[in-house]
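Down below is the structure, laid out as structure tokens.
For reference, chains read A, B, C and D in written order, and residue numbers begin at 1 within each chain.
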Amino acid sequence: MELLDSFIFITIVKAAVVFAVLMTTLAYLQWVERKVIAHVQVRPGPYRVGPHGLLQPVADVIKLLTKEDLLPPYVNKPLYLLAPFLAMTMALISISVIPFGPMITVGPVKTWMQLTDLNIGVLFILAASSMGVYGIALAGWSSNNKYALIGGLRSSAQMISYELPMSLAIAAPLLISNTLSLRQLVESQKGGIFNWNILHGPFPQIVSFIVFMIAAFAETNRVPFDLPEAENELVAGFHTEYSSMKFASFFMAEYSNMITVSALATLLFLGGWMAPWSVEWGASLVPTVIFAVAGATALYHGANAARKRDKRTLPVFGVVFLGIAGIFLLPVVQFWLLPLFWFAAKTGGILFLFMWVRATLPRFRYDQLMGFTWKFLFPVAMLNLLVTSFLVAWFTK
Amino acid sequence: MMNAVPISWFLTLSAILFALGVAGFLFRRNIITVFMSIELMLNAVNLSFVTFAYQHKEVSGHLFTFFVMVVAAAEAAVGLAIILTVFKGRSTLNIDDVNSMKN
Amino acid sequence: MQLWLIPIFPLAGFLINGILGRRFSKSLVNTVAISSVLLSFLWVMHTIHAMGDLNTPRMEHYFTWIQSGTVNIGCDFLVDRLTIVMLLVVTGIGSLIHIYSIGYMAHEGGYYRFFAYMNLFMFFMLVLVLGASFLLLFVGWEGVGLCSYLLIGFYFDKKFATDAGNKAFIVNRSGDFGFSLAMFYMFKNFGSLDFDKVFHQAASAPEWVLTTIGLLLLVGACGKSAQIPLYIWLPDAMAGPTPVSALIHAATMVTAGVYMTARSWVIFTHAPGAMDVIAIVGIATAFMAATIGLAQNDIKKVFAYSTISQLGYMFVGIGSGAFSTGIYHLVTHAFFKALLFLGAGSVIHALSGEQDMRNMGGLRKKIPITFWTMVCAWVAISGIPPFSGFFSKDAILLAAYQHSPAIYWIGVVTACMTAFYVSRAMFMTFFGSYRGTAHAHESPAVMWVPLAVLAALSLAGGWIFPIPEFLKAMFPAFEEASNPVLMYISVVAGFAGIGLAYLMYVVKPGMADSLARTFKAPYTLVYNKYFVDEIYDATVVRPLVGGSRIVLWKGVDAGLIDGIVNGVGARCRDVGSVLRLLQSGNIRSYATWVLFGSVALIVAMGLLGGLPR
Amino acid sequence: MDVILFLIFALIAVVCAINVVVQTHPISSALSLVGVMGSLAVLYLLLGAEFIAAAQVIVYAGAIMVLFVFVIMLLNAGAETRTGRSYLIPGAPLLVLFLGLLAFFVQRIFPDTTMVRFGGFTGGGPAEIGHALFTTYLLPFEVTSILILVAIIGAIVLARKEIE
């Protein structure tokens, strides 16, 4: 019973840590996105609340919590209340199978940096994402609003359609790694960037990666596939009638889904927490160098700041960055911090791609959207899968 | 011994779900609900397939479940298309109003 | 050695042209068609080369086609010396005729269709020749029949062409019926249709069995190779394009019967009665067709009857026990008859479709290449030494003399008539003065080059391809006593035929008409082909159609079958009107019945012990 | 532990199934059915059918039922009206009889010798399923793909707009 207790205890602790980190990330992802888009459009973005708008998420959360929670008349009440809950749950649940790093030892316990490892982890994520459709569809339908209904219908059709190329794109790297467990998937990509599935195997999965990313954009209802919430056609799509925390739930579900697909792409194609080159070549020094450069830059700009406020804040950031750079050199934490860094860096890169695309591309027309997946994406993914499977069969004979 | 479930419980659950599916088929009047009752019956049968697979330690039962799912998918696609056509022609989903081949 | 590649090339050509040909340019269509035939010709060459000494036949098994109980029919190909001769003839002459067709078909519609059918024909003909069992041979046999039907009816917008196609197909069915019976009987007695097994057992089978099989096979051969009484389709088959007549109805398909009988020599050598029947049928056909050929005015009809007559010769050779001479004549005949038809095609092409020799004449100057190549065929078919026809015909006549002098003498008379009617055709076409209206022009090189090749083969083929020597090991030894007197007689007969024709059509052009008036009755008889078509129409076709109409249609179909069907229908309707009450159209009532049924089933199973109580 | 899990999810399944039958609005029935399917997926896991459990959620709940919900939304199907005769009189007794018989025979045929334990059968992973699918059941698999193709074509033909 000792073991069981400690197992349950560790799981609860891990879940709590993951939940806390995830919630913070969700909140700050919104800030990062606004900043990125602002800089793409050459404007400063959030700047007022806290230094460089860093406290903006906190302000947003307070605003959403304190807003009046409207219940419009003539809605289907149970489903109207169920929908945001469903969307949120299904979005968060898939995080539980995502591994963030290798096995670590904290004091007396050894544990994986992952909530749970399923033999069918990939299928689990697919299942959760396919259940996520209900949240949006029900929200659209139960609102008793034609814009919401059209948004819900569009969304469910779009998500079912893009799930096909997505699954096919996922299947191809699975063939190469020969497992459905996400942890083993990462471990099969050990040994540098050329062993990552995107470049490795009899048939490098670049095409598969691109198809996966496109489908991921559509699955998360992001630009250029954000038809379900196209504001100039449908007001706000399926969440037109939602306000306050229910609205925030959809918002968080969307960002959580983004994190999930980014993490999944990292795990499937980019080698998960594996460093792109070996330690002998200095892989363990990369985060130190990056943070040191960032700290030095901040210090430099703090010394030559144009505005008064920056004179105070930038040096603080500089010192913090240098401190982080120093932490990465400590051998005590290095062994679990480095994998985490690589995982976060890769996932963050893909998240940045999401934001970059949002700032750049216009929206699709609905028929183009459906035509694109059925007539182009699906055949391409199919072809890629066929070629991959033939080559895998050929080389593992 | 509270740590194991008798296999007959699973089969009884399957029988109950099947009977409920039949009940839905008999007592509901909405075509879509009737159709969903069929899916419920298929699910009940799937449960017994998987249970038998456990009993015989044999993967074939899972395969049959898999095929039933595929058939159910095909059936859903065609069935819902038929329902759409019926609705287009008669503007009703009530199964008692759809009792002749011609309008 | 990959024998399957030989027929697969034309099949590929057929598929490509048949499926995509409509969108291809003409040059692409004929590139595909001709390269496929040439490739298979080259592969035949390679096969011969690879087989080294040709004495060991080569068998290749590909897959089991039919398996049922003890029946095990495989897809096997067999190559031995006989097959090699046939392969060379089929692919070699086939290639030449394909090339010729580029020019001949240049202005015709359905260009791709023509070449697709031709390639399909090549495929089936090669299967026929390569097949190592009677059944596979039969597949090819039926396949070439199909292609023949398709190509005779190539101008399907013309009634006479489709009628001719139907006629060919239906008459051939009669022959195939015999062939099928032969195969059934063979299977019943020997338990197999593979050549090696059948022939192995045939040597020890009772004679009457073999005679029956042989006669039934002969019926099949008569259908395919246009022998009495089933020859009537071949003249009509000339409705197809001329290259078709040359390839299918002169050089290859019609000789399938000869090939088949030669292939079955084991059966025939043990059935002397059947051999006699073959010889008699052969010589009768040869003589009768030759007489008809004397009076025809359509240039292709003349050559058609000539083909029938020459096929008769081949059967005489086979019937006399000298199988190799029949094959020998098959080969030389393929050369010169293909040449005659292609030459005729060239003439027809030059005159923009004119086929009646009475509207020709004096073309010697206008289309000299065609003329000179046809002269080669003329001397070859007339049996003038040392050209190809002389060797093979002389060999057959010698063999026939040993078998029965009567057959020999009829053969000599026929040879004389052969020389006469071919000369007549040549004189009417190329000599004298031009009687037509169309403007004659020489054919393009793509047409006359194959003619020239065939001309060379007609002249020299007799001694560069000593078929009897080549096939000596295949067939039972045949004592060929050389008899110079008999040889001189047949040569004289050939010259006599030519001379007579020269007298009647060049020296005294009016003589033919006056002779026709003098001997009005025989002339009319011959001119109308012995009224055989009319006799068949009166004795076979009309009774059959009438009987079908009165007995089968009005009596059996309308009365009996419809009566039963309608009666069953009426009773069903009566029962249905009662049961209809159950069919409320209400799904839920049906579902209740189903539920009731399943409960009843479970109860029944429980009561009857299907389930433990 | 296993018994508790079984009882919880069996209860959810039965309650949801009753809800499927009792609810008058099709969308409520559909969501209840999704509930049945979800709890069945958990039971499949208990029985060691990992792949089938995932497929149950992905295919049944995630695709087929979404299609149902989609159609219900598209047709804006409302609560059903009472028409025609009720089949409660012949149906309900028959149904009870049916269920009773089934339960009786199940108890008779399957005495409680086989006990289900989590982890008692581990042959239901994707690898085993895939192996069986592409060896023993290859022909049914191919036929199924044809069936799917036929269904797709049929659905398109049925549902497309009439072309004048």
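The rule is simple: a contact is a pair of C-beta atoms (placed from the backbone, for glycine too) under 8 Å apart; a residue touches a chain by one contact, two chains touch by 3 or more.
Note that the structure is a prediction, hence the values are computed from the model and not measured.
Engineer: Of the pairs A-D and B-C, which shows more C-beta pairs in contact?
Structural biologist: Result: the pair with more contacts is A-D.
Engineer: Distance-wise, how many Å sit between the C-alpha centres of chain A and chain C, to the nearest whole number?
Structural biologist: 75
Engineer: If you average the CA atoms of chain A and of chain B, how far apart do the two points sit, in angstrom?
Structural biologist: 37
Engineer: Report the inter-centroid distance (CA atoms only) between chain A and chain D in whole Å.
Structural biologist: 32
Engineer: Any idea how many Å lie between the Cα centroids of chain B and chain C?
Structural biologist: Centre separation, chain B to chain C: 63 Å.
Engineer: At least two partner chains per residue is the criterion; list those residues in chain B.
Structural biologist: Residues 22, 26, 29, 96 of chain B touch two or more partner chains.
Engineer: Which residues of chain D are in contact with two or more other chains?
Structural biologist: Touching at least two other chains: 51, 55, 63, 67, 74, 84, 87, 91, 95, 98, 102.
Engineer: Residue numbers in chain C touching 2 or more other chains?
Structural biologist: Expected reply: 586, 588, 591-592, 595.
Engineer: Looking only at which chains touch which, which shape fits best: line, ring, star, complete or other?
Structural biologist: Looks like something else, not a line, ring, star or complete graph.
Engineer: What is the complete set of touching chain pairs?
Structural biologist: Final set of chain pairs in contact is A-D, B-C, B-D, C-D.
Engineer: Report the residues of chain D in contact with chain A in the complex, numbered from low to high.
Structural biologist: 27, 31, 34, 50-51, 53-55, 57-58, 61-63, 66-67, 69-70, 73-74, 125-126
Engineer: Hey, which residues of chain A end up touching chain D in the complex?
Structural biologist: Result: residues 76, 79, 82, 118-120, 123-124, 126-127, 130-131, 133-134, 137-138, 140-141, 149, 152-153, 156-157, 160, 163, 180 of chain A touch chain D.
Engineer: Can you tell me which positions in chain B touch chain C when the two form their complex?
Structural biologist: Residues in contact with chain C: 22, 25-26, 29, 34, 95-96, 98-101.
Engineer: Quick check on the complex: what are the chain D residues that touch chain B?
Structural biologist: 1-4, 6, 10, 13-14, 17-18, 20-21, 26, 29-30, 33, 36-37, 40, 43-44, 46-49, 51-52, 55-56, 59-60, 63-65, 67-68, 71-72, 74-75, 77, 80-84, 86-88, 91, 95, 98-99, 102-103, 106-107, 110-112, 114-117, 120-121, 123-124, 128-129, 132-133, 136-137, 140, 144, 147-148, 150-152, 154-156, 158-159
Engineer: What residues of chain C sit close enough to touch chain B in their complex?
Structural biologist: 584-588, 591-592, 595
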